[in-house]
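Okay, so chain A shows up in both of these, paired with chain B first and chain C after.
Moving on, here comes the complex of A and B:
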């Protein structure tokens, strides 16, 4: 399972999202999920199993497969809830 | 370390700035002055925000992490802070009111990784966010930073 956080530059917003997804996985007690970040231009539909983006590039990210849209990139509660839902959608059991 | 990048001279407060473009100019000033970034970087950040979807730097809770690609004028890593009162709408979009502009000069180096880890930790912490929003002096901002060491 691979989750990719995506933004326009691939350096700031997506990196922050990546780190917060890592934190959510740790809190949820899930291991073995690969997380990375990238810029929108370098990502294709087969780059990852799920793609996390901020709401402003949700439209541009259409066609990248399972796209998860975040209202805030620093709301850990939202990120954790959406990470857990994504894992379940992809058949990964969430212990907590 | 964030405390090394976000030094007191890079922390500013401004009233009635009126527009997000002025906010970007103001938050950039300390970094341009000390040679951390060139004015080209300021242009790149402004263009990026004005472009379609440019409001993606709105992290939520009134924080914006303004940045562009390193090759657009980053000389060395840096970070600056600007608190605007009242909030201004990013890209003139009322859906994106911003209270705190953070301007990130990133290089993509190992140091950038550490900076982002510290920023992520800081900004996901509700108490730290409140302190950064309520700050009225550089000391208020820098005192919110060391807390992340204790949470790590």
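Moving on, here comes the complex of A and C:
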């Protein structure tokens, strides 16, 4: 399973989202999920199993497969809830 | 012995090796496994070389642009684009820049740990660009290598701490919390936008929020950096090519290739170069930033991460577009003024207007609604057009290339450091840094006392009400 955080340049906010997803996975106690970040231009639908983006680029990220839209990039609770939901969607069990 | 020394010197003159060593330290501190440390170190080394290769592509496409512009308008035309200029700068100043970047982080953590300014600057890419500019400015001033690195690191740490601090009063209004700050080299322009929005705010009838407007969709392609850089540069290259004329271009530059096609291909090449540089920067930072984040969280109590501008975008998506457009209009107005007055011409850099203009729009909206978003972002647009013009002479030979640093902080920091160092030499720089440190610690003390007094007042209030309760009960 691979999760990709995406923003327009693939430098700042996607990197932070990437680190926050890592943190969420650790809190959830899930291992073996690959996380990375990239810019919008170099991502295609088969780049990852799920793509996390901010609300502002939701429209531009359509067509990238399983796109998860974050209302806020700084709300760790939201990220954790959405990561857990994504994992379950892809058949990975989340120990609770 | 001399042989060993010269090999060591050779190694330390290689910026790619310096950067790889920094990430080696970063990975070791994170207690990564041996294979991860090895992998990350080699990736960083290669990433830096990718970055340097991108710089070659960018400067190859900018050289004919400069000649075309010169031939058409008889003045220098400059495209402000951070990636383009940093790529070129790092070829010569890379080692100093990498060390300033590294020690600047340490100064940032130290300042955050000892003052009320708890901001940890996590936007590694722009911090890296800032380090590159500082390396150039002190290098141009004629400082020796160790002076460049020592004073540069302190200056860098100060910028990383102060830039988020000046935006924070406005940032709080946008996010509704004090836990997150904005860390971007557009900081000065974005804070200016907040100030303008606050000052122009009508007291009797405050302007409504931008988010009450319904916007047509379909401008989504604006979010893709590669596309907007290629498109905007194509427009600019074609306009300049039309003015320069087919004879000049086909005779001197394109080797007979049609001049419009040549212009389009150069613009696309420019975007390709930026793409490569971004890929290199991404690889270089991937190993260093997590270490920095981990250390700062452990050492600084109540650390507030200062993050890249797009974190503000989700709070007001409409203000993003309004801010970008207003800032861009500001850039065009500035360009026209320059054309009339016959100085070098700063062409509006789309990426800078998009990133900092959009954030200015969001911050302006938070402080003063629609009117604030428009006026604040417009002011930012003017600032990031005139500041780069003033910055050119400070950058020495680098100022003569056809690209320059784009955001407001580069302008402000560059002008201050540049004029101090060229005017008063090292002594003046040391005095300025000491004064800056005193101001930071002094204002921090005032803030700390104020916070303490507020706490005491609250405690007294609480005691009073408790006393009132007990006496009422009696």
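Going forward, the second predicted complex is superposed on the first by the 96 of 96 C-alpha atoms of A that agree within 3 Å, B and C clash if a C-alpha of one lies under 4 Å from a C-alpha of the other, contacts with A are read in each partner's own complex, and residues count from 1 in each chain.
Following the convention adopted for this analysis, contacts are C-beta pairs under 8 Å (C-beta built on N, C-alpha and C of every residue); 3 or more make two chains touch, one makes a residue touch a chain.
The structure displayed is predicted, hence computed values, not measured ones.
Asker: In the overlay, answer first, second, both or neither for which of chain B and chain C A:45 touches.
Answerer: Neither chain B nor chain C is touched by A:45.
Asker: Quick one: classify A:7 as touching chain B (first), chain C (second), both or neither.
Answerer: both
Asker: Once the shared chain is lined up, is A:76 touching chain B (first), chain C (second), both, or neither of them?
Answerer: first
Asker: Touching A:56, do we find chain B (first), chain C (second), both, or neither?
Answerer: A:56 sits against chain B and chain C alike.
Asker: Have a look at where A:20 lands relative to chain B and chain C in the superposition and call it first, second, both or neither.
Answerer: first
Asker: In the superposed view, which residues of chain A touch chain B and also chain C?
Answerer: Of chain A, residues 7-9, 11-13, 15-16, 19, 54, 56-57, 59-60, 71-74 contact chain B in one complex and chain C in the other.
Asker: Looking at the complex, which residues from chain A come into contact with chain B?
Answerer: 7-9, 11-13, 15-16, 19-20, 23, 53-54, 56-57, 59-60, 71-76
Asker: Name, in rising order, each residue of chain A that touches chain C in their complex.
Answerer: Chain A reaches chain C through residues 7-13, 15-16, 19, 37, 39-42, 54-57, 59-60, 70-74.
Asker: Within the complex, which stretch of chain C touches chain A?
Answerer: For this pair, the touching residues of chain C are 122-126, 175, 179-180, 184, 217, 220-221, 223-227, 275, 278, 281-282, 285-286, 289-290, 293, 305, 307-311, 313-315, 317, 320.
Asker: Name, in rising order, each residue of chain B that touches chain A in their complex.
Answerer: Touch residues, chain B against chain A: 48, 51-61, 63, 65, 67-70, 104, 106, 108, 112, 116-117, 119-120, 123-124, 129.
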